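These are the structures in question, set out in turn.
Heads up, the next two complexes both have chain A, just with different partners, chain B and then chain C.
And now, the complex of A and B:
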């Protein structure tokens, strides 16, 4: 079995196992929704070498797009989701196009500044977005004969979409396009010298990432029945990025682990101690210092340590996550 | 007259943005280190002044002590933690400093609560200045005056002293500076503490104007990034011009379209990037 189908199998196992181990369908759905968002972030970070602080923009926009569609029109759910993905893709194309004009640190700062821009945009146009209160009472219409009212029914719907999106992202990653992104990540100048249109590749990666993140945002708004302002805030971008990095930026399944870890741990800890983010901050520092390949790297080390696992842990080119870069490029 | 008022307001705000951004800029110039915790130092500066004045301490003492405490904490963080990660790629700098910023923000909430509060302007400056039709709060004039003096002092520090020469040389080549027998580690710590202290001072000065709340650090970080993106990283003059520009635009927009004032800052940044990808004075 090749690596991609193994990872897809693992993702499917997660989707099946969550209902067995978790009491709340809402929380389980949240895990998969953020797994999509983190995997989309990983397409930029792990595969293209772009550390984007703007993922919350696309997530929030997806929430608003789906919410507005379902509140103000009688279009079916599927259309609302597609519109959310399109909104994410279009805005991501714009943000990507502007941000990649600068490289390295400037790129990261630009994405963060854009996330502030869109936050204030949503905050300013209260008539459309509901401002601080968010868009309230978003309905969750049935799909044909299937009602999604029950939280586990909705989970099944989310899980199906999650697997489709995961497989699609895997295809993107393993395509010629995906391999070229890796080349851009590892040595942008060389990729450009060979003749690849690096800019277009980066913008396309942004668009794909934005579409998936927008879809995830829409599913989140449907899950909680609200498109809150916090979905487009700096902290949303930060959370998605943290999930991706904690999971490990080397492969897409790592992002599922990262999202699962973040969502479940935050749910557990926030009920015990509301200031658990303090611990999360500490964890980030620990990950940066000692666990640079994230949870996935940790699992890989454990697998290698087992006598049975030695053979399967062959290093693939994708597994080398963030490369030491020269002259501050390549973020 | 309202525009003159807002223009002066904008200059005051812009000078605060300058203080905030110039620290970020110098730190990056010398250390090539991206400090996402810069907003957290601003936050700490503001809250220290809030805490000390709440305890009945004199505002002036608080204004002096707060940036020193922030600088000392920054020096400690630099020498214990950050020094170990300079050699790693920028991604890890960002990761660690985002973690630090998160910890500071949560600590602030634990210590002072999630709501925030107000810092009253010191009695000596609580009045207004009246010049014919022009009426202006004294405290804001004081902020402009003080930041102007500090700005000149900082310029002299960077351009006219030995430390400044080392910092500027270090921005070109850290290795070369070390080879000349200068203890670059100490210089690094000093510069980091200086930059953080300036951010702390900006927070302390801003506290009586805008109050304190735990999420002001994130907002400040966003603004500082806009300023260095527009002005160019590592450039003193760039930070000054861009800081003033952002401050004035924000103030004047407050009259024209209050809700959209902060929106315009980011829109302006987008325009600069579109027309001048390197910023106004940036090198690369």
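And now, the complex of A and C:
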């Protein structure tokens, strides 16, 4: 079995296992929704080398787009989700197009500035977004004969979309396009010197990342019935980045781990201790200092340490050179 | 050969870094299917000339034409499909990617828009892979095909650096000090390779090793302080009193072929 299929299988196992181990369908849905957002973030961070603080923009816009569609039109749920993905992609294209004009710190600063800009935009246009209160009472219409009213029914719907999105992102990551992104991340100057219009590749990566993040934002709004202002806040960008980094930026499944860990641990800790964010900060410091490959890297090390696992040591595509054949390719 | 139209020509080319004039009034004519070398002391502007020809730095004055087409304002990535490829003086590889993947990317760079399709997988029978395999064979890198470029020895990295230019199958290939830091055996192999490349490409190369320069070049351009000092066949350049005085002294040790 190649690595892509293995990771897809792991993602499917997560989707199946969550209902068995979790009591709340809402929390389980949240895990998969953020897994999508984190994987989309990883396409930029892990594959293209772009640290984007703009992910919250796309997430929030997805929430608003779906909410507005369902509140003000009688269009079906599917259309609302597609519109959310399009909104995410379009705005990501614009944000990406402008931000990648600068590199390094200035690129990061630009994405941060956009994040603030869109937050204030949402805050200012209260008539459309509901401002501080958010967009309330977003319905969750049935899809044909299937009602999504029950939280586990909705989970099943989210899980299906999650697997489709995950497979699509895997496809993107292993395409010639994805391989070129890895090259851009590795050595942008050389990528340009051998003929790749690097900007177009980065913008396309932004567009794809924005579409998936917008979809995730829409699913989140439907989950809680509200498109809150916090979905477009700077803090959302930060959370998505933290999930991605904690999981490990080497492969897409790592982001699923990161999101799962973040959502579940946040939920546990917040009920025990209101200052739980402190612990999360501490964990982030540990990751940055000692386990830069994140949770995935940790699991990798454990697998290698097991006598049985030695042979099948799993490597992420970024530390190990990828083979262009389908066998043994990373992701 | 001398009657042929030039593949590449520059007219009073100038490049500024801030207020520093690194290149001024460089008028060059590179004839098709020749091996043309550029020599000169460090800081003469040789690498800057390559940067300007490949579009990595913008010309601040003058014109560059490729096969008669004005490419002065064409961006660097768009010059590759037009048939220009280069290697760098300071090795610049995809350190974390395998040798084969480095070369596949370099071969793909000629048709970069094909790689912009996020749904298209890497076809194991693709032409780019075939080219990568062919170049590895030619540069004796096949045995390290799957190793990350960053793990190669210095000599292997320098060969791969040249291979990156070869894989683009350019009409004009620019090599910036291809033998720098190489051991004697590798230098001989590189010399043979450059001569060999001269059969199907036009080669423009910067080199400090006079043995190679005088031996395999059809034309030699001597630069100093951002300008062309002398240009001509090796025998003429070698005996030019001004060149001797200005730069070469008794450095010319190589035999004329």
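Please note the rule applied: the second predicted complex is superposed on the first by the 314 of 331 C-alpha atoms of A that agree within 3 Å, B and C clash if a C-alpha of one lies under 4 Å from a C-alpha of the other, contacts with A are read in each partner's own complex, and residues count from 1 in each chain.
What we mean here is this: contacts are C-beta pairs under 8 Å (C-beta built on N, C-alpha and C of every residue); 3 or more make two chains touch, one makes a residue touch a chain.
These numbers were taken from a predicted model, which means no experiment stands behind them.
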Chain B versus chain C as contact partner of A:176, first or second or both or neither: second
Chain B versus chain C as contact partner of A:196, first or second or both or neither: second
First, second, both or neither for A:152, with chain B first and chain C second: neither
Touching partner for A:116 - first (chain B), second (chain C), both, neither: first
Interface residues of chain A shared between complexes with chain B and chain C: 322-325
Residue numbers on chain A that touch chain B, as the complex places them: 45, 51, 98, 101-102, 104-106, 108-110, 112-114, 116-117, 120-121, 123-124, 234-235, 238, 241-242, 245, 275, 277-278, 280-285, 287-289, 292, 322-325, 328, 330-331
Residues of chain C defined as touching chain A within the complex: 54, 56, 75-78, 80-81, 85-86, 88, 92-98, 100-101, 104-106, 108-110, 112, 114-122, 124, 129, 146-149, 164, 168
Chain C-touching residues of chain A, taken from the complex the two chains share: 171-172, 174-180, 182-183, 186-187, 189-198, 200-201, 204, 208, 318-326, 329
Of all residues in chain B, those that touch chain A in their complex: 28, 32, 34, 81, 84-85, 88-92, 94-96, 98-103, 105-107, 109-110, 218-219, 221-222, 225-226, 228-229, 233, 259-260, 262-263, 266-267, 269-270, 273-274, 277-278
